[in-house]
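By written order: A, B, C and D. Residues from 1 in each chain.
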Amino acid sequence: MEVAVIGATGYTGSELVRLLGQHPRVKLSYISSRGDAGSPYDRVHPQFYRAVELELQPPDLELIPGAAELVFCALPHGRSAEVVPALLAAGKKVIDLSADFRLLDPALYESWYGWAHPAPDLLEKAVYGMPEINREALPGAALVANPGCFPTSALLALMPPAEAGWVDWESVVVDAKTGVSGAGRNPKQAFHFPECAESVKAYRIGDHQHTPEIEQVLSRLSGEAVTITFTPHLVPMIRGILSTVYLRLNRDCTSEEVAQLYRHFYSAHPFVRLLPGQLPETRFVRGSNYCDLGWRFDRRTGRLVIVSAIDNLVKGAAGQAVQNMNLVLGYDEETGLGQVPLF
Amino acid sequence: MEVAVIGATGYTGSELVRLLGQHPRVKLSYISSRGDAGSPYDRVHPQFYRAVELELQPPDLELIPGAAELVFCALPHGRSAEVVPALLAAGKKVIDLSADFRLLDPALYESWYGWAHPAPDLLEKAVYGMPEINREALPGAALVANPGCFPTSALLALMPPAEAGWVDWESVVVDAKTGVSGAGRNPKQAFHFPECAESVKAYRIGDHQHTPEIEQVLSRLSGEAVTITFTPHLVPMIRGILSTVYLRLNRDCTSEEVAQLYRHFYSAHPFVRLLPGQLPETRFVRGSNYCDLGWRFDRRTGRLVIVSAIDNLVKGAAGQAVQNMNLVLGYDEETGLGQVPLF
Amino acid sequence: MEVAVIGATGYTGSELVRLLGQHPRVKLSYISSRGDAGSPYDRVHPQFYRAVELELQPPDLELIPGAAELVFCALPHGRSAEVVPALLAAGKKVIDLSADFRLLDPALYESWYGWAHPAPDLLEKAVYGMPEINREALPGAALVANPGCFPTSALLALMPPAEAGWVDWESVVVDAKTGVSGAGRNPKQAFHFPECAESVKAYRIGDHQHTPEIEQVLSRLSGEAVTITFTPHLVPMIRGILSTVYLRLNRDCTSEEVAQLYRHFYSAHPFVRLLPGQLPETRFVRGSNYCDLGWRFDRRTGRLVIVSAIDNLVKGAAGQAVQNMNLVLGYDEETGLGQVPLF
Amino acid sequence: MEVAVIGATGYTGSELVRLLGQHPRVKLSYISSRGDAGSPYDRVHPQFYRAVELELQPPDLELIPGAAELVFCALPHGRSAEVVPALLAAGKKVIDLSADFRLLDPALYESWYGWAHPAPDLLEKAVYGMPEINREALPGAALVANPGCFPTSALLALMPPAEAGWVDWESVVVDAKTGVSGAGRNPKQAFHFPECAESVKAYRIGDHQHTPEIEQVLSRLSGEAVTITFTPHLVPMIRGILSTVYLRLNRDCTSEEVAQLYRHFYSAHPFVRLLPGQLPETRFVRGSNYCDLGWRFDRRTGRLVIVSAIDNLVKGAAGQAVQNMNLVLGYDEETGLGQVPLF
């Protein structure tokens, strides 16, 4: 089975190339880039020298070989929705890593992203690609909307009590800390090394575009109209997201009942690890598709504090996309995703 | 006026030496260390070579010269309370940077620190050294309890609405991110470079010993029995604390009313900066005694999100101690604290 | 084929566990640790949770199962030589990652390490495990001395012109920059995050114990008594060694002749990459067994400047050890070492 | 005395503003920027909020107030030489921080910088602003060429033996490691946080434009036509340059004779510190105008290895410029430069 990656030079794209280049069931046969077409891939990303021998193609959909039945689309928001319809029309399966097909409501998309959705009729057809809640919908899906990095991190922490109906939604605060690779590969002032090393900051308080994505999933799971506070922070590290989630339960609960809830919810999900007696740290998941979860009850204030850690480029993007591909194509979910975290 | 520093080799101690060595009104005449007594100070901290020419003394209170009328005590929690009574008895003024004299209730101290308070009768005599609320109590004070780094960061964000009685206390969450120097100078596994670089983690969720200190001040200011959730995080940088404070107000408020509240509260306080139109980042205060504040209303959830940034070793420790000394001794509050943040 | 790791909790040990846990031809059946015996491995290194399910054993050689025919010894210098004789006597093959069996001359060992060699008679039996020069000697070897991290980095840069007899040895300077994981996992003042972040330093100028190891190999290859200047530096990163090697050739040479020399020397060696038109950076090899090489002629001064980059824990330690194991056991040299560098 | 800074928003410019804003003898009255004219300075650099209250002016020389008798020019190479003639013609004294007036030979300038020098007749009039060798030439000078960061670091290490005639120039290698702020404030791919954190690299081997500047000074001091090898490296830290200088002396020398040579050379120079028994680390000079020097004899190879550490933005740029200003204007050399290094 051959697969393609459109937008292969960004950080998400290069993680896809890393994972697909070693995947035992698929062959990466086509990669494209607007800016670097014509270059050998290892000139743009020398870490791949000898490991991946492909040349970047122009982003011309005609060039995708017929044998490539599945296409990963790692384009910026907005650009993706311009390309995906043609790919679907050509009979390709698409795993889209942009935000373009994550929100069901085109008006919500427009209000958070700032432009009218280019292909609103596709929104209902897209499967939200979080296997921990949507595994059954994925086999054979034509279009998968791969979740955002922050939503993955927040949702994996919140979904068990959300589904159980245990959450006092008024109380939910998600305080997330991300490494700088989350900002993408294009150099900007805020991510220039001397401007973000040795410093921490909050940004986009109350208006980050990942907020409605988190709320949409939680609303569906809980059957309530969920509104949450979400605050991202920039931390001087390359990879990783740690989300600290604060909430009150709407019932009395022992720690053991919470533990059982999580164990049960994730019992059949290989990439979510409930660390025994240890809080998550992003270094424990670096380079892997794991999401680590831990929690503490703050008995004094009645809050449950849940911590989740992912590698934003793996479980938060490319790894989850490969996990989705495995399910779409009927492979074992873990195929090609056995990387042990790199200390 | 001569001053002394006990415990001069830790990070807080060396910041005291940096600030006092350049202070125009006092002379640093005595520094001590248990482990490095007998060494020139610049052998332990070579950055001071040529700038500070003092030899470390053993921690023998008899050695403090008579001319030193004021002593900074930068010892670990518990050790300080063993030393301070003798210093006071000898007629010295004491600015204590440990946690030993911050809590009014010795039972509370014992429950959070794990041992009986060694000098409970002094607790009521200590002045809590946060000039932004206690400036009037400081001139001439015999014993100043210098606030903790996290409490300084959290309180400066929360005190204006607390004093105004505007806070729905059930809603308060303080999510703090600290640099590694906050852990002190003794090497430990968790702060070994390869274990904490390129990673973020939460720790001591719900049981950090700075929690009751924050609550005590807020309770006094608000007249309510305040309980909050406080979660510290470790971030791969040397200096800085960023606290993100979540709360709901108990009244309808415009953004401008919030701004007026803060402007009014801090109008006479030179070290608190309300950044115009910009959220705080720890790099903007590095090496200085400033606390930067910013906030956003999250109208969707009704939360006010306040962000504060300090240098944990300066406004969070040694700088605030010098600010307190200035007030105790009747100097201008800003004397010797004019350092511009070092980008 | 079962294998064992003695000293499995240090950084080198945990890299061995990472690589062996995924190796398709061997089964990691025994791991030991003096300090953490009795703990599940993933309690000490949570990144391995779910990936490696082994319990740490006490360092008792009797416990090594009979099925484990090959033992990796990742003990400190000096301790290794006390253990290896018994392992060999028990018929195990040993790959030793300490410095104990790298130098042929026990007097040289004593003068650089400071104690008499505990097992001098084994020195001549050990095979120096650098496959790029010793591949033929490895199949079936009983004892392999795995090279040091700095020597690996310096030698891979210098061996081609050394073997060709082209080097003016008087001119050779090796200036190496290492990440902090090279200092091991035990916390020490110099590697405490606040003491080594945001800083660079040189250390052990002229007396680092890896110097004679480099010289021994170069002397053998060149047939001359080689003495070089080697200076290590500590850089604020976790992994990686970049060595910048300065030398003058003893003959006129074009750039193309130098390129041919290197291409020829490494034509059959899969882990040495001669980057086309790009200088090495440690990030391009992170987590992989590659050594990247690049060079420039400084025509103004007649110097050839060669740059090499390795991951100190992989090609500089555990990866090379697995490469050696593959050759000892007759497997393909690349087995289990296909990790693409992790950006 | 009023002074002006042209190009005030770059890293060198903002360090000038930091130092001049606190200088007791001058008043910073004018700052300009092409891109940010019209903005309050603290909007571009929020660390200066409350500390510096100036508005950025357009780069129109007419706007420089008559009272400003001295102008710091912190423009890019090439742009500076277009501006300086008019400033001199207007009777201003100029301290130029670009490379435009450092090389005496316009042909050399053209060959290394790639364009014809815009004002070659001024080259002979400029005083090279390294007070440690040119202090006598500075009082009253009209045009000072402030040295480059790498040249400052390399020359302070090499000048004592150069002047003494002790150096075997064939043997000199300068291996320099710089923090990322040396690359300036404009974001570029190579200095994007995820591209340079956790990595080290060499760059511009054999052709860095600071090479002829180093050689020019050493040639003048030694009376020989000096050619050296200079290799810069990029290290993941914000500030600092560590240079490791390798050389052979042309005479037999004891360590004590070398120490005496350095002590004598720098006896009257307050900013060069010869650390007793400790090698320099960049953290020991951070934020200060010090250059720390240390050395070791490598007796085995006959090399002297000298290490120098500076803060590239202070002694390597803005601090040295203020030091030069002090001397030009007849102030004490240390005025306004008493900052203790910030750990």
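Descriptive notes on the structure:
Going forward, a residue touches a chain if its C-beta (ideal position, glycine included) is under 8 Å from a C-beta of that chain, and two chains touch if they have at least 3 such contacts.
What you see is a predicted model; the values in this text were computed from it and never measured.
Of all chains in the assembly, those touching subunit A and also subunit C are B, D.
Distances between chain centres, each the mean of the C-alpha atoms, put A farthest from subunit D.
Centroids of subunit A and subunit D (each the mean of its C-alpha atoms) stand 46 Å apart.
Remark: subunit C and subunit D have CA centroids separated by 39 Å (rounded to whole angstrom). Rounded to whole angstrom, the centroid-to-centroid distance between subunit B and subunit D, based on C-alpha atoms, equals 37 Å. Annotation for subunit C: residues touching 2 or more other chains are 11, 179, 194, 197-198, 236-238, 281, 283, 286, 343.
Those residues of subunit B lying in contact with subunit C across their complex are 11, 179-181, 185-189, 191-194, 196-198, 236-238. Subunit C contributes residues 171, 173, 175, 177, 179, 194-195, 197-203, 205-206, 211, 227-229, 231, 233, 235-240, 242, 244, 246, 279-283, 286, 296-301, 303, 305, 307, 309, 343 to its touches with subunit D in the complex.
Every residue of subunit D that touches subunit B in the complex is listed here, in rising order: 11, 14-15, 18, 21-22, 43, 45-52, 197-198, 238, 270, 273, 275-278, 281, 283-288, 290, 292, 338, 340-343.
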